[in-house]
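Worksheet for the structure shown next.
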Amino acid sequence: MKKTAIQDLFAEIKSTHNPGKIATYIPELAKVAPHQFGMYYQPVSGTGFGLGDHKQPFSIQSIAKVFSLTLAMQLEGEALWQRVDVEPSGNPFNSLIQLETEHGIPRNPLINAGALVVCDVLMSHLSSPQADLLQFIRDVTGLPQLSFTETIAHSEDETGYRNRALINLMRDFDNIKNPVEEVLDLYFHLCSINMTCQELAQGFQYLACHGRRSLGGETLITTSQAKRINAIMQLCGFYDEAGDIAYRVGLPGKSGVGGGIIALRPDQYTIALWSPPLNPKGNSYYGMKFLEEFTTLTGTSIF
Amino acid sequence: MKKTAIQDLFAEIKSTHNPGKIATYIPELAKVAPHQFGMYYQPVSGTGFGLGDHKQPFSIQSIAKVFSLTLAMQLEGEALWQRVDVEPSGNPFNSLIQLETEHGIPRNPLINAGALVVCDVLMSHLSSPQADLLQFIRDVTGLPQLSFTETIAHSEDETGYRNRALINLMRDFDNIKNPVEEVLDLYFHLCSINMTCQELAQGFQYLACHGRRSLGGETLITTSQAKRINAIMQLCGFYDEAGDIAYRVGLPGKSGVGGGIIALRPDQYTIALWSPPLNPKGNSYYGMKFLEEFTTLTGTSIF
Amino acid sequence: MKKTAIQDLFAEIKSTHNPGKIATYIPELAKVAPHQFGMYYQPVSGTGFGLGDHKQPFSIQSIAKVFSLTLAMQLEGEALWQRVDVEPSGNPFNSLIQLETEHGIPRNPLINAGALVVCDVLMSHLSSPQADLLQFIRDVTGLPQLSFTETIAHSEDETGYRNRALINLMRDFDNIKNPVEEVLDLYFHLCSINMTCQELAQGFQYLACHGRRSLGGETLITTSQAKRINAIMQLCGFYDEAGDIAYRVGLPGKSGVGGGIIALRPDQYTIALWSPPLNPKGNSYYGMKFLEEFTTLTGTSIF
Amino acid sequence: MKKTAIQDLFAEIKSTHNPGKIATYIPELAKVAPHQFGMYYQPVSGTGFGLGDHKQPFSIQSIAKVFSLTLAMQLEGEALWQRVDVEPSGNPFNSLIQLETEHGIPRNPLINAGALVVCDVLMSHLSSPQADLLQFIRDVTGLPQLSFTETIAHSEDETGYRNRALINLMRDFDNIKNPVEEVLDLYFHLCSINMTCQELAQGFQYLACHGRRSLGGETLITTSQAKRINAIMQLCGFYDEAGDIAYRVGLPGKSGVGGGIIALRPDQYTIALWSPPLNPKGNSYYGMKFLEEFTTLTGTSIF
C-alpha cells in the first residue's frame, strides 16, 4: 500500500469535475460547503493516515445504523431476525410497497424501515435508550465526547413524513412494540451524529477485526456477528446501488446522505471517505469514485 | 312498492343465519349488540317507513365521508380532482401500494386516503373545521342535534396507525397541506357520527333529488355534483366489492364498518340499512342481502 | 328525445378540434381515415336513426368481448366467476402486476386477461370454437353475414406479445386449460370483427331488453345475466377511465381501440358511436364527448 | 486445508436428516435418486479432490447461466448493461412484477428474465447460436464432450409457461430482439447441460483466477469482467436467499434447481456441491449446509 500512490489518486479525483448534488432536505445538510473532501485509511495493524478534510466533523447520518444494529444483535441475538430480514431490497431505501407486501417485515436492517425496527428493539432493552445507545457508540468507537446533534435530530423530525409512514405501517403490522414517536425520536437522534473521517475509520476497526476492537484486542461482538454485519453491508449498505458497487468497489461498507462512506476489507483495513455531493443513487460521488480506483490500485476488492 | 312485501322480505332475512362478524378494532364497535337490524325507506315523494331497529342510533363511520366530500366539492370545485382521483381502487381500501405507485394521489375520495385528502381540503377552507363541518352535516341532514362522539373519535385515533401511515406518505408527496395530526383529528371526528336508519335515509335525499333537499326543494349542490357523487358511490362505495354489488344490488351507495349502509335510486328513493355483522369484504351481511333482494323485488336496479 | 337536438349536437362535436390519436399498433387500424364519425340510436321500441358514417363498417375490437362473455355465461353459468372476477381493475387494461398478485385470476372479463380466460372457457365447451362463436354472434346480432377479418386477426397475432405474456402467466397459474396458442387464435379472431354503428346498436338491444332480443322478444340470456353484464360494463367497460365516464356519461358500455363505443340505457335505448382518434385513456375522443353531452341533453344518465 | 477435516464434515452432513424436496416440475428432475451427494474441491494451485458422488453427472440447470453471461460480456461488452441491470432482485427469481415496474429491464443476468435477455444478446452475435454457445462452454470448461440434453430441453420447453410470460413481456418492452421461440429454445438448451462436481469445480476455475483458465494461464475474460461476474454471483446467485448465504457462506456462487452449487474464493479455490433435495428457497439443502460449515472450518468467507 504505497501512500504516495494514494495521495496521487486523491489529488487526481479532487481535480475532476464533481456532478453530484448535496442533500438539501434539511437545512443542516443544505448549508455544508460542498467542495470538502477527506479520506482516512486505517490498517488493522500499523499506523493510518488521512488526506484532505479528514479532521472535519460531518453528519454521518445512516452510517450510524451500523452501530445500532451492532448493539441490537448483542442484546437481542438471533431473535432479531424474526423482526427484520437480511436480504437486499431491490427497491428504493424508503419504499412502502415492499413493506406492505411483506407484512411489515423490512428487507434488511440498513434501510430506513429496518433501522426503525432496530431502534424499537433497542428501546425494549435499554432503560435510557438515547443515553445508553450513545454510550455504546462512544465505547465502540473509543470516542467519549461523541454526542447527538440536536438541531439535526430536530430537522429530521420535522421533515420525517416518510419515516412516519413507514413506522406507522409497521406498527399496524405489530412489528413496532414501543410508542411510535419515541422510537422515531431515538432514530432521529441516531442519525444526527457528527464524526470525522479519522474517527469513522478507527471506530469501524472492530468489523475488520472479527468483532474485536483491534486484532487481538477486546471482544465487542462475536466473529460470527461481525461476519453477519459485513455481509449485510455488502448487500445492503449502498441503497439501490449495491450490485454496481459490489463490482466497482468490492468491499462491504455503508454510506450516508451527508456524503460520508465507511468501507472495509476484513483482516486488512478500514477506510472512510467524505465529500458531500451525492450521485443520483444517494452515495457520495467523489467517495465512490475514490473507492473504486482505490481497490483497483491496491487489488483489495473481495472479488 | 308494496310495504307488506318489504316487511316479509325483512322478516325472512332476519330469520336466516348471519355468518357475519362485527368490527372489533375499537371497543365502541366491539360492544354493539350484534342482532340489531333496521331499515328505513324514504321515497322522494310521499311518506317513508321503517322496520326493525330503524330508530336506534349507530356509528355511521365511513358513510360520513359522503358528507365531507359534498362540502369539499362545494368549496373547492373542480380543483378537488387534482388532489384525488375518481377511479375504483382495485385494492383493499387502506392499501399503501397504490398510493405509493401513484405518487400520493388517492384513487377516489371514499377510500381512507382519499377521505383524508378531503379533510385536508376542508381544513384549508374552514375557519373552525370541526364545528363548520358538523354544522354542514346538520344542515344537509336537517338534524340540528347531530354531534361527534368523542369516545369513538378517541378510539379511532388510538388505533389509527394505518391512517397515520397513509397521511404521512401523502404529506411526503405534498398532497397534504395542513398539519398531519390536525387533519387526522378532523377525520376521526368525521367518522364518529351516530345516526339512525331513518335519519340516514332522510339525510341522503339530496342525492336522489339532483342535489336538492327534496324534489323541487332547496338546492344544496348542483345536479352535476350530485351525479358525480352518485357515480363515485356506485364505483367506490363498497370497498373491494363494488363490482359484485353493482350486479347484485345495482344502486349507488356507501357502507360503514359499523354495519350501516345507505343506497339510493336517483329520482325514486333512498334506503338505509343497519346490521352490525360484516361480510368478509367489510359490508353489512344482512344489509347487503336485503338490498339485493329488495332491488330484485322492486325492479329498481339501475342496470 | 328530439332528433333535431341530437343532429345539432352531432354537428357541433364534429366541428370541434379532435386532439385524439388513432391506434397504430397494427397496420389495419393505422390506415383508417381518422375524420370518420358515425352514430346510431336505437330505442327499445320504435325506430332508430343514424348520423354521419353510421353505415361504415369498422373494427369493433374489444367491444366483441361482450359477445364472448355472453356466450360463456350461457355455457358455464356461475362457475365462470371462479375463473375471472367482476371487480374494476384500477390498473391499465393489460397490466401483469395485478394478475401476478392475484395468482392468475383476472379482475374482470373485459380486460385482456379476463377476455382470454373467457375464450379458454368457450374452447372447453365448443366443438368448433371459432365457427361456433361466430355463429353465436351472428344469432345475437341478427347478422348472418358477420365474419372474422383474417388480416386483422393475423396482425393482432403478430404484435400480441403482451397478450402472450398474460396468457402464459395464467397458464402457469393453471387458469388456462386449453393450448395457449389456440386460445390466442380464438381471441385474436374475436377482436377482428367489423360492424357498423347501426349493426352495433341493434346487435346490443338484448342488454337493454333484459336479455331478450327485443322487449317481449326471444330470450337470449336471463334478466339476471343481462344485469350482470351491464354492471360489469359500467364498472369495467372503459379501461382505466371507468370512474370519470360513470360521472360524465352515466351509462354502461364498452369501447374498442378501433374508436367504436356501444352504450345503453336499460329499458330505453342502445347507442353506438364511432370515430377512430382516441383520448389518452384509449377511448374514442369524439365518441365520449358525444355521449357525455347526449346523456346530459336527454337526462338519461343512470345517476 | 486439511482433507480429513473436510471428509469428516462431508460424512457428518450426509448422516443428518435431509428435509429438502427435489424439484419435480419436469420428469427428468423428478426421477433423480435423491440421496446422492457429491463434492469437489479444486484449489487454484495444486491438486483437487472429490467426495461422494462427485463423478456422477447431474443437470446443472441455472448454473449454466454463468457461462452464457461470460460469453455475452465478451461479445457485447459494457453495452450489455443497457439491457440488463446488476442489482439483486428482492423478489422471487421469476416474478413478473418487477419486470413490469421496471419496463422490461431485468434486475440481473442470473434471474430467469435476465438470462433470457443474455440468450437474446448471444443470438444477435452468433451465427449458429446453440452450436457456438456449446462450443464456448466446452472451451471454458475444457470439456470437448459436453452437450445439451435434448430430453431436458424439451421438458423445460413444455412446462415453460412462466418463462414464456417473461420473454413476451420483455419483447413487448422491446428488450428482446430475436424471435421469442428461438430465444427460448436457446435458453432451454442452455439449462439442459449435465456435468459432474469435478467438471464444475474445474470448469469454473477462471472465475477464481481473474479470468484466466488457471493462475498465469490463458486469458478467457479480463480481470475486471471476472470481478463483475463474481460480484453478480455474490449478490444474485442464490435466488432470494442471497443475504442469508452471504453471511452463512460468504462466497460468490450459483445454484441450480437440480441441486448443484458452484462457489469460489477468488485467488484460492472453487468448490462444487451436488445433492438434489432443495430447501424452501430452491437451493440444495445439503449443499448449503456443507458450504456454511466449510467456510467456517477453513476461515475462507470473504467477510
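We just call them A, B, C and D in the order they show up, numbering each chain from 1.
By definition in this document, a contact is a pair of C-beta atoms (placed from the backbone, for glycine too) under 8 Å apart; a residue touches a chain by one contact, two chains touch by 3 or more.
Everything numeric here is computed off the predicted structure, so don't read it as measured data.
Novice: By the touch criterion stated at the start, how many steps lie between subunit B and subunit D on the shortest route?
Specialist: Contact-graph shortest path, subunit B to subunit D, evaluates to 2.
Novice: Going by the average position of its CA atoms, which chain sits the greatest distance from subunit D?
Specialist: Centre of mass proxy via C-alpha means gives B as farthest from subunit D.
Novice: I'd like to verify one number: the distance from the centre of subunit B to the centre of subunit C, where each centre is the average of its C-alpha atoms, in whole angstrom.
Specialist: From the centre of subunit B to the centre of subunit C is 32 Å.
Novice: Can you compute the centre-to-centre distance for subunit A and subunit C, using the mean CA position of each chain? Integer Å is fine.
Specialist: Centres of subunit A and subunit C (C-alpha means) sit 56 Å apart.
Novice: Distance-wise, how many Å sit between the C-alpha centres of subunit A and subunit B, to the nearest whole number?
Specialist: The mean C-alpha positions of subunit A and subunit B differ by 47 Å.
Novice: Multi-chain contacts in subunit B: which residues touch at least two other chains?
Specialist: In subunit B, no residue touches two or more other chains.
Novice: Can you identify all of the chain pairs that touch?
Specialist: Pairwise, the chains that meet the contact rule are A-B, A-D, B-C, C-D.
Novice: Flag every residue of subunit B that touches subunit C in the complex, lowest number first.
Specialist: 85-91, 98, 107-108, 226-228, 230-232, 234-236, 240-244, 246-247, 250, 252, 266, 301-303
Novice: Spell out the part of subunit A that touches subunit B in their complex, as residue ranges.
Specialist: Residues in contact with subunit B: 95-97, 99-101, 161-162, 164-166, 168-169, 171-172, 180.
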